[in-house]
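Following are the structures in question.
First chain A sits with chain B, and in the next complex the same chain sits with chain C.
Now for the complex of A and B:
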């Protein structure tokens, strides 16, 4: 059965609907109204006739029309009863936001077993419990119980986010909004009583609006299925994974966190490798890897051109490239000859190419034409345009992106954040070139493109 | 056991016999049989039941030899004084044979002893570990690392999902931090990395082909400038 109704339901019943602002159900409804969800929203609560101007039904059997999905955020003790009821009504999908299940141990584990059995017997598909649920940025549907005024909804885009952790999903959405990275679908599946990452990856493989998946994992639902699904997805798209619970203490945390027991980290690494997944350390790397894979294609090899008008940045980027296994190879004679005809003799032409503070916009175009467009020695380029000299203007973004396009090779920009450079950054990113605010992050992002290129080559 | 299309049919027979006896951990000679029948190089070895047999076998394979206890009551052989290396002549065979037996009986008076494994002692060289583990989540995996202190202290090992190709095996070998030890560090001769890679492939195929295997480990596998030899092995079945 497809998972489509979780993302694009025509009719949704919100169980325990209320206007009480202290109750998370009220935020779920106001979020949906604010987003302009086009499907039918059906509040269910025996204590109200109307919720936020919508007719409220005492119970599910009182609704006469077909309902695709229930959203349940009531106390866990009452969840089995709701599932039994929705089975009678023929409602086949449910997102259970409520906690109070396996993550508590003891009775919670039993309760989760009970809802699993009901869903299995009655043919109900389930996301959760103990989760944020979904955001579909194109159908304008979400089950998030956090107000969009406090967690900014990301723009529409092509990044899918999957996560066992609700707090990570929320943090990622907020960070992605700030960074201007657009999102297609977000799923937080919490205790993963039914739908898990493997099935979601299978589903997103055919989702034309999702080009990259970023996944936060503590454990895996089904190891072999995960490898197959991810390998298949990675043939044409990319997956970035942030694995938590890597060490003994982390495993303890993972257990109490979502009721999942994390597996041995080395074997996860092997599985990621097998599946073509890029593994990252920490939130910042996660964002950067997703961003660079959304905006640039993998590199064919590891020979990287470093081009700048500021010597120090050229040197430090080169150092970090060497540390990361990127080859800042010497500029070959052909390119040097071409450039020495066009440039003054005090420009340094060995890689990194340092055009010094006296160079300007057009020099970037000239250097890239000879070193990247007309010659295939380099596989990729890190460009470090320092903006303070008067010869550098915002026109440089257009020149660099034009040459990058002509070369057909991946290009990333290193530009330290400042009030003025933030504006230039926006210009680069409008034109599809990702900008990273430090040599470290820029080189790491490039190494992701090289790593992905190498994987595809295997 | 279901007959399967595997190139490890002979190894599977050994495992089948162990399963039939209800044991989970193969005895040293059985583990050596499994890896030898899988096409992995081993030194000459023989299971013997008497001092006389031990002497005959040792003479046939040539001194020095190693003697190892074979008993399900002594699966950690060295802990019970069950291993003697550098046995140089028949006289030493006799003395050490009896000493190994006595050592075990002192520790485990009612020990069930299958015999002694006489194994030709191989020249010293770099030691590595090649292992395979069936993971509950991801299934068959293969591990490679340098032996001894490198694995114990530095955990300098690499895992892959099994089976691996030879290209992947070579990548694994190059990925460990201690790779230069194999690749001619400080003027030392470059070791047989090609044959080592083939052995990693074989172990990965063994663990992915034979579902009955839970763990397999060649430790140590000796790596020479030409060829590799597994001098000890562990095989654990479901």
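Now for the complex of A and C:
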């Protein structure tokens, strides 16, 4: 059985649907209407005849048409009954938004076992409980109960997000919208009573619209299946993982959160390495790693050219490269000779190449031509064009991206945030070069490309 | 002799002044006019009678009034002559913007020795060469040659910035403006032929307008003097340091950049610890550490309350706290009892206190009252109010800041960036609570407060 109906259902029943803004079903339905979901939307609630202009049915058996999926956000105590009923109606998929299950311990664990058993016995596939559910950005289907006015829906794109945590999914969507990074599918599966990350990774392996998966995990559903699925996905695409619940206090917190047994962190690290997964440690790193893998290809080696007009940035980027295993190798004599003919003597050619505050747009093109296009010594480049000098204009984005393209090598840009600089950032990203707002984030992003290149080489 | 005239000169001669936009003196002068600098501005250039409406003098001896300071941005070869001349005129201070000295090696080193000797012999104090010079945000004096249209001038405030790197100073000003963090004085001293960080720290110790110093350093001018000055400053205020040139490639880059001999990093680390200096590793950390020390006081211990409505954030913040030596200690029974009377059973009270997506503004007030105001167990709090749930409104900023104030303990806020959330961020900061855009940056900022608290305790 495929997971297709979770993402692109032809008909969806929303259990307990109401227009009451305090009830989250109201936001789920208005979100779907606003998104232009083309499938059939069927509210189910014995107390209403109509919800947001849609005919409302008293119960599932009253619906005559085939329903692909139920969305359940009623009190946990009533969930088993709905599942039993949908089994009778032949509805084979369910997303349970409601909390009140294993994450509470005690009786909640029992209740979760009960719904698991029903689903297993009656052949129902389940996402959740205690989750936000899905967003399919192409079928315009979502079960998010957070209004798109407060969390901006990301653009259509090729990033898939999988998460045990609902709040991470929401935060990611909001950040990605602000960054202009497009998303294909998002799944928050919460307590993961049935469908988990391994099966979702298998499913997304064949999804042409998903090129990179970012995954937030507190625990793994099935270690062996996860490694197999990830290894297979990573052959042609990329996975970035944020493992939460690494230390004692985080492990405890994870247990209260989604009932997850976080397990030994070292085992996760080894599994990630084995599966070609890039591990990250924070939310910004998570987003940056996904972004750089979406926009640039892995590096063939770790020799990195650092090119800037700001000496201090050259120095600190060199430090950070050393911290992350990137080699700011000396510029070979051939490149230095070529450049010394074109540049004034006070430009520093050693690598970092520091063209000083006197340089302008064209100098970036000259340096990249000799050091990156005409010569194969460097595997990649970190470029830090500081915009304040009057000699620097927004034309630099075109020049740098042109040379990056000619070189065929991965290039990342560091632009330190300022009101003026923000505009230039957009110009780079329009041309496909990822921009990061600090030297540390830019270096970390490059190290992701080098790490992925190394894995591919193995 | 004091450094006062570098920051608040009554009369300044700009050597080589011209209206030619390609010459940086033109920006220095237009910047000063735009800032409303109240001192006398005297252009010096034999080729002009007037520059930007100001009377221009052929040479320094032609000026009849007392001049406090020269600003020199001519070719390095001509600098010694100007210094000799200003000595004759009794002008005792000079800021040399020009590069072309020790950073080039060889003859540049000799030239720098020559200007050092002149200054020593003729009793001239010198900032630079190869620098941006100063910004005094209260006297409205600056020697920056970058137009304020491209680098936004920060608001008036209490952060001082000292730097060997000009580009870091510029980047910091731009970022600080965007963040709304106010600045008192900025000094970029480049090759540091005379005035260096130790003397500047001594000077700023008595500057009531400077509460925190952020310092970018590749090398130190005088180790013993630096430790003494920093220790003294840190008794009542705070210093944050970014040491660049930590590893081989960075050390080499530093030498080419400002002629600095970066020295062994371990020695710097020890000196920082000894002097009460908070060390940071990147530009965002640099800004965040300055910000948190400007807005909050050090923590008395490392027991940190983590309060959120997003379980995943609770988990990953707990991990990050462990990474940085913060103790997410179990909530004591007394607090748990008090809260369990007020909260539904599915709120998790263990610490992190996870009030789930169902909680609203008022719940933050209730939790903080019991856990932070009425009880002295926790030393500080990291609060992560995720705004997407409909129960959350901008009123939460007032509630949280009120309780933070009552508790007398340091509190930091994590708000993950999104278009809607940005507006709420401003509300928190108006009320004096620093907001950081990711869990990792928020935890790091709290660890700075704990580190400073520990140092003070020693």
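The definition used in the following text is that the second predicted complex is superposed on the first by the 458 of 458 C-alpha atoms of A that agree within 3 Å, B and C clash if a C-alpha of one lies under 4 Å from a C-alpha of the other, contacts with A are read in each partner's own complex, and residues count from 1 in each chain.
In the analysis below, a residue touches a chain if its C-beta (ideal position, glycine included) is under 8 Å from a C-beta of that chain, and two chains touch if they have at least 3 such contacts.
Since the model is a prediction, treat every value here as computed from it, not as a measurement.
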Classify the contacts of A:264 with the two partner chains as first (chain B alone), second (chain C alone), both, or neither. first
Using the touch criterion from the header, give the chain among chain B and chain C with more contacted residues in chain A. C
Let me test your reading of the model: by the given contact rule, A:313 touches which partner, first (chain B), second (chain C), both or neither? second
Contact-wise, after the overlay, does A:141 reach chain B, chain C, both or neither (first, second, both, neither)? neither
Once the shared chain is lined up, is A:233 touching chain B (first), chain C (second), both, or neither of them? neither
With both complexes overlaid on chain A, does A:6 touch chain B (first), chain C (second), both or neither? neither
First (chain B), second (chain C), both or neither touched by A:99: second
First (chain B), second (chain C), both or neither touched by A:149: second
Write out the stretch or stretches of chain B touching chain A in their complex. 133, 135-139, 141, 143, 157, 159-161, 167-168
Of all residues in chain A, those that touch chain B in their complex: 219-220, 222-224, 227, 263-264, 266-271, 273-274, 458
Contact residues on chain C for chain A in the complex? 21-22, 27, 99-100, 103-104, 146-147, 149-152, 163-168, 170-171, 174-175, 177-178, 216, 218, 242, 244-250, 252-254, 256-258, 281-285, 308-316, 318-323, 328, 345-346, 348, 350, 352, 354, 356-357, 386-390, 416-421, 437-441
